[in-house]
Amino acid sequence: SRFEYVRTYEQDQVLLPNTYIVIRLDGRGFHRFSAHYGFAKPNDSRALNLMNKSAVSLMKQISDVCGAYGQSDEYSFVLQRRCRLFDRREAKLVSTFASTFTAYYQFYWHDYFPDQPLVASMLPSFDARAVQYPSLAELRDYFSWRQADCHINNLYNTSFWTLIIKGGQTEKEAEHTLMGSNSADKNELLFSRFGINYNNEDAMFRKGTMLIRDISGAPLQTQNPSQKDHIALQKKSKRQVEREEKKRNKAEIVESHDDIIGDNFWRESYKWLS
Amino acid sequence: SRFEYVRTYEQDQVLLPNTYIVIRLDGRGFHRFSAHYGFAKPNDSRALNLMNKSAVSLMKQISDVCGAYGQSDEYSFVLQRRCRLFDRREAKLVSTFASTFTAYYQFYWHDYFPDQPLVASMLPSFDARAVQYPSLAELRDYFSWRQADCHINNLYNTSFWTLIIKGGQTEKEAEHTLMGSNSADKNELLFSRFGINYNNEDAMFRKGTMLIRDISGAPLQTQNPSQKDHIALQKKSKRQVEREEKKRNKAEIVESHDDIIGDNFWRESYKWLS
Amino acid sequence: SRFEYVRTYEQDQVLLPNTYIVIRLDGRGFHRFSAHYGFAKPNDSRALNLMNKSAVSLMKQISDVCGAYGQSDEYSFVLQRRCRLFDRREAKLVSTFASTFTAYYQFYWHDYFPDQPLVASMLPSFDARAVQYPSLAELRDYFSWRQADCHINNLYNTSFWTLIIKGGQTEKEAEHTLMGSNSADKNELLFSRFGINYNNEDAMFRKGTMLIRDISGAPLQTQNPSQKDHIALQKKSKRQVEREEKKRNKAEIVESHDDIIGDNFWRESYKWLS
Amino acid sequence: SRFEYVRTYEQDQVLLPNTYIVIRLDGRGFHRFSAHYGFAKPNDSRALNLMNKSAVSLMKQISDVCGAYGQSDEYSFVLQRRCRLFDRREAKLVSTFASTFTAYYQFYWHDYFPDQPLVASMLPSFDARAVQYPSLAELRDYFSWRQADCHINNLYNTSFWTLIIKGGQTEKEAEHTLMGSNSADKNELLFSRFGINYNNEDAMFRKGTMLIRDISGAPLQTQNPSQKDHIALQKKSKRQVEREEKKRNKAEIVESHDDIIGDNFWRESYKWLS
């Protein structure tokens, strides 16, 4: 039709080839959402497991995702450097991830909150953004950033709610008690006043959840990006691409709640970061 | 933490101020999705009404949306020129719209398809994109483009499925019958062979659905963008903004299935395009 | 060659269709540059006329430029909404304008500074940026912004240097004298202490320089952007485009030093903004 | 002023941190330009040396440039991964490089073409673009791409002009003679018909010109980008940055005309790619 020229106003933002793409989703207004559905404080295992279930489901559907890290109301998905999903168009990526995750979260809601039916005025939704990292060093630092954030928030929240629930303080008082305290102080406070060894708290609360697609059983041909690989990349036959995708689809998604800041975790990154 | 520098790799794509923003959502793989859940062919009123319900719900939640147009598995939402939602950050906009629409679609699914429970392996999801139009002329052409697309597809699909269902043709034969036919030919075919006056078909099928937020009852202070307005824009007090938002929230969402290509519809655009 | 894939990493930033594009150039380090070549203070007519000469030359070469405004070490060029130059690729536009302007500035240098040969360690160069404005109101405000900037700087500089040159103050003292003074104060100071009526100062110093390509003698077919025009735009024959370009090439470049903030100037904008 | 809001329409395109940035300049319309000033065919040493002189001058002025490669009417400059020049703003980078190079090219013109004064209607100008490469492998392929391009064009041009100048063919005939010939054919043709050993042709013609800033004598503290470096990067004191800049400024710019496709050249890349 004579109106089709309006199509030319669409401007695709295309992400740079050969960077790691991280897509981070975050629950919209989960402060209110968690209050409305009575999430346990500071951590609700049902809520976190629902997040994990949704993330695993998404990873099973979208095989370009190598790994993911989740904590609180957020999840970060990492796409392999070579990923060509949606030709790396940013809007397609972030909208599809946000939509897909939302669909799973709502679908599985009942399994985790059987007594709390969702109501129309308070449905879960997530925003999403895509970030590019040119090298593995930065990708690693990205994950460290999120886990450090998890640690700091959780140590604070654990102390805060312990002071309230077990210590009988008001929220104001608890805030005041913790003001200016560092990590050691909080550990000490939990232990000396409440007999709580923070390190014995649930690892999922303290460390968040790491999901990897374990392709070590089904090794793919692709290795580190090098000159030859790039050319290979251009020429990979459709069949090759499909075969690899099938392998990725079959690979297991492995969940863990360990430290991802230290070297240990990254020594085994060949397992999931092809 | 020492990892926070990774934050600086986030590059917000910000849409130009004072353009109309159109956010178009489109169902992912609805060819398969509609087949799986047995959508009526070529048009399923339940499916279209569910789309409309979801769009109205989204508009009630996000008051920056002035109007929307839907057909098939897609919906286009238009934001007012002055819209500051998410500071016009593209990823926030498209991901939030995709997520929110998905949530409503799934939530209301049961109301429209009570006999077809959703299954985990076939959940509805939507991609989204944002397009900017600098002037009203182009925004209008955008809507005309979508409605013309609706018309062309629907006339074809109606003819196609009539040939099969009423005419007893196979899909191959119907395709062959219609090859090279123009609009007049198809109208003629429907009428002479099947006694169907295409213009009597359901207006929602032929014209799609237009939703406007009717603010004519509650006129806002904002007018055409002019020098003074811009300055006003900068200086609008928080209270003013909130007052306007309240008005927008109260305004009714009006549904219609009329021609939006001709002048008539646009003569009344003051009602919804402030 | 097998290396050509690197080409795919080029990401063109394309400006939105149908917006006014303003390309602003600004002299790099002209504080030092003007000192090195002994520019008169606060205004050097030679320098300003050389800027104007370069801008006129650029406009003669690049016919998509409708008008331009210059002051101090900067020049802003406005491209017509429909402009397709370099397919609106931003990097092409800003680099070409910067390069072309630099070439003229250096070429004509000798005509304006015959006694000050350029030296390799202090060559003139300019950065450039492209800004998009969706409507005429904003384009007008853009020009007003630059002229207001010219006025404020020039009134200050004129007062400052008069205090020094005629008033015998040091730079420190002059700065101190002017601290906290408004426009009226400065006008008064110039008049009462030095008998200078600021309004009698050279208009080029006070108002800057406006250049328009006067196409009123050779009217082009293109009018306000409207639905029909857009379609026309798509279909314009190569010959039509070339004919228009020829007309634009022949059109005179008219220089003025008048107020461009008030309505008067814009009433006649049909002359140059097609 | 009340017009300043127009400033908010400026949208900086910022290049991703920690990628190699290549800025490629290319002469605008050098087909005509070279004809107008009588460049020797197929290669004019004066023209190429002027390009080199301009590139070296630019590198001396802008110390963030590590290396550069030039051939024909183009030059590619590579910035170190950590480069913060203009905060990596694309428009600033491309416009400044284009302007600066243009200024040097024109300034030194007389030294290389003393008998061919520039005329106003035919001044040299250059466009520029910025391309990002996430890894060294791609950066290397980029340089290989440009040198392979140089080789292919130069072998063709040498054969073409030899057929004309020494072989007495017309341009049409020469084109016809070379149609479908591969590299070996052209080498053979040059040798058997004209006694020309292509490998004895001027290396600058065959290989182009590589310029590196040799920092091996003045080693900087910066190494491969790693986790620690990134943090270091954030915290580098102003003084440290200035000291490094000084070292870079003192480092020699080394010119060569060798193969840059094989491994040899890249083995020594520590010398210039910090």
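By letter and in written order, the chains are A, B, C and D; residue numbering begins at 1 in each of them.
Assume a residue touches a chain if its C-beta (ideal position, glycine included) is under 8 Å from a C-beta of that chain, and two chains touch if they have at least 3 such contacts.
The structure presented is a predicted model; accordingly, all values stated were derived computationally and were not measured.
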**Request:** If you tally contacting C-beta pairs, which comes out ahead, A-D or C-D? Let me know.
**Result:** C-D
**Chain separated most widely from chain D, comparing mean CA positions** = B
**Request:** Determine, among A-D, A-B or A-C, the equivalent of interface B-C; equivalence here requires over half of the contact pairs to be the same by residue number.
**Result:** A-D
**Complete:** Distance in whole angstrom between the CA centres of chain C and chain D is 31
**Fill in**
Averaging C-alpha coordinates per chain, one finds the centres of chain B and chain D separated by a number of Å equal to 49
**Item:** Chain centre separation in whole Å, for chain D relative to chain A (CA means)
**Value:** 43
**Fill in**
chain D touches at least 2 other chains through residues 5, 9, 11, 16-17, 132, 138, 141, 230
**Request:** Give every residue of chain A touching chain C within the complex, in rising order.
**Result:** 2, 5, 8-9, 11, 14, 16-17, 230-231, 233-234
**Prompt:** chain D touches which residues of chain C in the complex?
**Reply:** 1, 3-7, 9-11, 13, 25, 28, 57, 90-92, 94-104, 106-108, 118, 120, 123-133, 138, 141-142, 144-145, 148-149, 152
**Item:** For the chain B and chain C complex, residues of the former touching the latter
**Value:** 16-19, 81, 132, 134-135, 137-138, 140-141, 225-227, 230
